[in-house]
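Each structure below is given as structure tokens.
One chain, subunit A, appears in both complexes that follow, with subunit B as partner in the first and subunit C in the second.
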Partner chain A sequence: MNTQLLLIQVFNGLVNGAFYALLSLGLAVIFGMLRIVNFAHGALYMLGAFVAFALGQAFGLGFWPSLILAPLIVGLIGVVLERTLLSRLYGLEPSYNLLLTFGLTLLTQDLVKQVMLSQYAVSSAPYTPPEALSGVVNLGFVVFPKYRLFVIALSVVICLITWFVIEKTRVGAIIRASTENPGVTRAFGIDVGKWVTGVFGVGVGLAGLAGVLAAPIYSVEPYMGSELIITTFAVVVIGGMGSILGSVVTGFAVGVLAAVGSALYPPIANTLVFILMALVLLVRPSGLFGLPEGAR
Partner chain B sequence: MNKTKLTALLATAALGTLGAAQAQTLSDGAIRVGVLTDLSGVYSELAGQGSVKAAQMAAEDFMKANKAYAGKVTVTGVDHQNKADVAGNKAAEMIDRQGVDMLVDMPTSSAALAATEVARQKKVIAMVVTGATTALTNEKCNRYTFHYAYDNFMLANGTGTAVTKRGGNSWYIIYPNYAFGQDLNRQMMAAVQENGGKMVTNSDATPFPNTDFSSYLLKAQSLKPKIFGTMQAGNDLVNVVKQYNEFGLKKQGIGLGIGLLFETDVAALGQDAFAGAIATVPWFWNYDARSRQWAMKFEKAFGKKPTWAQAGVYSSTMTYLQAVARAKTDTSDAVVKALEGHSFDDFFARNATIRAQDHRVLLNVHTVMVKSKAESKEAGDIYTRLATIPAAKAFMPLSESKCKM
Partner chain C sequence: MTVLPRTAAKTDRERTTRAAWLIGLGIVLLILPKLIYPVLALDILAWGLFAVAFDLLFGFSGLLSFGHAAFWGSSAYVTAYLLGHGQSVPVAILGGVLSALALAVPVAFLSVRSSGIYFSMITLAFAQMVSFLALQWTDLTGGENGLQGFARPSFLGLDFSDSTTRYYVCLALFTIGFYVAYRTVRSPFGQAQQAVRDNEPRSQSIGFDPARFKFTAFLISATLAGLAGAMYAFGHGVVSLEVVNWRTSGEVVMMTLLGGTTTLFGPVIGAGLVLLLRDVLTTANLPVGIVTGVVFVLVVLFFRRGVVGTVQYWMRRR
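On to the complex of A and B.
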């Protein structure tokens, strides 16, 4: 393969990388603070796409308002889920929240499928990008859809903002403190419970945002999250469970690697990330950016 | 009571006993049809519940026309999840526990191959409608398996020839990496090359199922073939075509060659996304008055227009049931005899014959071009018929078949 084609695939890989980064970012935030392995993350990503689609069908809302509204709605759903279901499992074995969130995934997928079939008579629907972002742009070395460029740009911005908020602001300090030592944080008069709910809502909102962004690229369909979530978990593990920087960097890196892999040798494309995971875990069991368990 | 009335009464009674006698030769007193299909996955819309409904309609129509069998045909639908192991297990379960006499539909080639192998061991007739691999009538052919509606040779032969002859003589092909895709890729390459076309590079196997095809579209962009051939089906095809449009390949002079197209794919993305694409189909609902009439009936019962897979399930179920009526028994060997060499013509299968040597059901097929929304005259009017390929020319000739039955 020539270098130009390689360069094109590296560039193209950033698009999928953007989705991996946004999703694993949410997972990392949630795991870091709540110690919840949120298996429902893929379903909530799908819900973001579906809410955007449904808002368009019901109220004629276009892409831009949905880009704001759908993540808010999904975030709100996340808050309700955390308050009513997940919060009851804190302190129990992790397998309980795994089972719960996995069950929620199945439930959400089937519910959305039923709604789509009964309301719109389809189980897979196209979603068009906004007028301003449709079409392609000639970058010199490749002709690329404008919308995909937008996805890369927006997700980089969102990742930077999230990193900034958590590492550099007072809000972030509280979140980090609640993660490190909830007892002491509570002693300072901070309502850890509320912060936990908020963080879960934001993390889930990020998944919803990724879903809205994905809708114009892939069709809106009930199972769109189930393939993605497995790769995303691998990304989180490679990056280091709970590491924000790790999930973002690894997200983009895996996207690029998979794109180059699928151009060089297609059959390996889907396996590549797991090979990488195995290698990383052999050398650094806590992930590339993760701290060893004792250092926490 | 006058004489005529008495005669009529006696005649009816006699006919009734005769009918009852006929029906009694059925194993366990009933004909059980098992629709082995995808009820939840990527092919559930083009087959799925619609296939079950079509088989039920065939059963009802058959019982109405053949009073002796009234109340004796049952239909059950089972989900094989497009997985070979599940399909094999479900086929065995349906045959052993529910006493199913015939299996029908079977989307996904790998699942069809597994289910027909089980059916062969248990001597149960299998009519594959939606599975496409030519292995079913070649190296994997057997006495109890019949291949209805279409196969990869017919798709490739129809589309590869039509597209190449219209100027699309250089191709880059991607295919889903399982039995169906591998087979269709081989057949399509052969058809293109036979008509003087060439491959610009080796075909690429993609994961199945898959959502992101951008790598391959970018590869096509730099290779600049005249035709980007996609052997994907169902949701995967929808994603390919969506991204083909997104990357603006048509404007860059790269046409689209579609291996297998269903009406539901076009509906999912809108006609304009597919407009101008050429495909080969065994049937479409508004082909003529006879097709329309059945399609309307189906739409009334199911709420949606039929796909050709669903129409094929009706037709194949009916063909099987009529063979049972001719054989006067549902014993598989007798029904196989009644099916072999049988010639017929219904709303779906035109000019049809069941080839005795490999159990390929031969029928007329059509090369079609997808209309743009503007050209469409009514809802669901999606195809312009370019040509009809007669049954004798549409399928793999017997001389090339590897079937040893």
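On to the complex of A and C.
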């Protein structure tokens, strides 16, 4: 296989990796801080794309305003979900969170499908990238669509910001304290409940953002998150659950590996990530960047 | 001490209750194809056993497998494949069950080392591997088209083209499967399994090896799920990619929860309720996903004991 083709595959892998990274980052933040396994993450990603599409249809909003508004709306939906539903399950086994969010996934997918069919008479709709980002860029050694480069760049920036906020700032310190020892944190006069809700909202907002970014590449349809979320789960397991660095690095790495792997041997494309997961589990059950289960 | 006699009376009552459930369920299952159309009744048996198999792991070992569709689905495919290649019905079903067992060995080995939510996600990922395999291994699975129109040659004078006959064959298989699950739960092994579930460090300190119990429980559960999957393929005469989809893994969880975990009868009743509900919704042309999603959410939030669990709770409180 020639180098050019391989490079294109690597770039495409980075694009997929950008989505894995953004989604598993959100999952990691939510799991690391709240011990919630948010199965609905894929559905909320789809909701991000759908909201962007619906804003365009209803108010003629373009890509740029939607890129800000849709994640905010999805984040707000997340806040409502956390307050009204998920908060009732704290103190129970985390599997109940998984089950609840699984139910929400079924609900959301079908709801969006019904709305799309009744409002727009379609079940899958294309979404065009903004004009500034259409066309291709010649990088010298390879020609690549501008929009996809933008997705990679933005995703890297968002991941860096999230990592920085959680690891290096006072806000991050409060969040970490709230989850590691809520009692003591409360004694310092910090409203732990509010922070938990906020973190969930932000994590879910990240999924919404990924959804808007994905809309011009994969088009908008109710089940666009359903396969992606499973791969993202595998990424999270490989990276180590709750590890922010692990989810981002593994997200991009898995994207590239799967793309290169599928160029060499096409049938393996979708299974590679799960084979990888099995191998990692054999050697390190807690994932590449995760702490052993008991150490938490 | 008044405690002892009361406990004795209680277990007596529990035994009577169990017998009542058993007889009730038996009667309903015997006349079921007269009440609803036989293929739906057959579905209830297959999914019911699938849910019992799942509950064996979830309810009695505390392991939430989110990938049980892998065993149900691979068995369904193998059964259909064998039937399509001229094998008799018993051979095909046995082949399906054995394939589920064979698949379960490596999956169980890798997943029981993790617990809690890690276990769920790992089983889910393995199931997804099976699902992609099913999509790509078109020679065996028919890919997007699935397998259909395979033969179900008569055996011992039984004509399997008649859905009522198929129902009663499946009822016999169901009874065997249910009995295996029942014996497992009530055996010393089952008691030890529950001890491991309730307090792993303590069970370890009295000499149990938790990983071994989980491994064995996983194999039994997967094999029974395989039997259920074989029943499904045999009963329907059609197998599609849906059998290995992650939604299938989720649906069996829902049936079990709705009926009541750790009850054995519960999962069967849960399966029946979900399938009847879906049947009503589809006939009435209502959105199935929305209603089942809402039911699922409500069950997890407010009704975790499930139908049978709630009834048992009331009876115990009396």
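Everything that follows uses one rule, which is that the second predicted complex is superposed on the first by the 293 of 296 C-alpha atoms of A that agree within 3 Å, B and C clash if a C-alpha of one lies under 4 Å from a C-alpha of the other, contacts with A are read in each partner's own complex, and residues count from 1 in each chain.
The working rule: a contact is a pair of C-beta atoms (placed from the backbone, for glycine too) under 8 Å apart; a residue touches a chain by one contact, two chains touch by 3 or more.
All figures in this text were calculated on a predicted structure; none of them were measured in a lab.
In the superposition on chain A, A:190 makes contact with neither subunit B nor subunit C.
Judged by the touch definition given at the top, the superposed model places A:95 against subunit C, while subunit B stays out of reach.
In the overlay built on the shared chain, the residue A:270 is in contact with subunit B and with subunit C.
Of the two partner chains, subunit B is the only one that A:217 touches; subunit C does not reach it. When both complexes are overlaid on chain A, the residue A:61 reaches neither subunit B nor subunit C.
Of the two partner chains placed by the overlay, only subunit B lies in contact with A:147; subunit C stays clear of it.
Within the superposed three-chain model, A:76 lies out of touch with both subunit B and subunit C [touch as defined at top].
Residues 267, 270 of subunit A touch subunit B in one complex and subunit C in the other. Residue ranges of subunit C in contact with subunit A, taken from their complex: 64, 66, 110, 113-118, 120-122, 124-126, 128-129, 132-133, 135-136, 246-247, 250, 253-254, 257, 287-290, 292-297, 299-301, 304. Of all the residues in subunit B, the ones that touch subunit A in their complex are 44-45, 177, 204-207, 209, 211-212, 214-216, 218-219, 221-222, 235, 238-239, 242-243, 246-248, 251-252, 267-270, 273, 303-304. Residues 4-5, 8-9, 12, 15-16, 121-126, 135-136, 142-145, 147-148, 217-219, 221, 224, 227-228, 259, 262-263, 266-267, 269-270 of subunit A touch subunit B in their complex. Considering their complex, residues 37, 85, 88-89, 93-96, 98-100, 102-111, 113-114, 226, 230-231, 233-234, 236-237, 241, 267, 270-271, 274-275, 277-278, 281-282, 285, 293 of subunit A touch subunit C.
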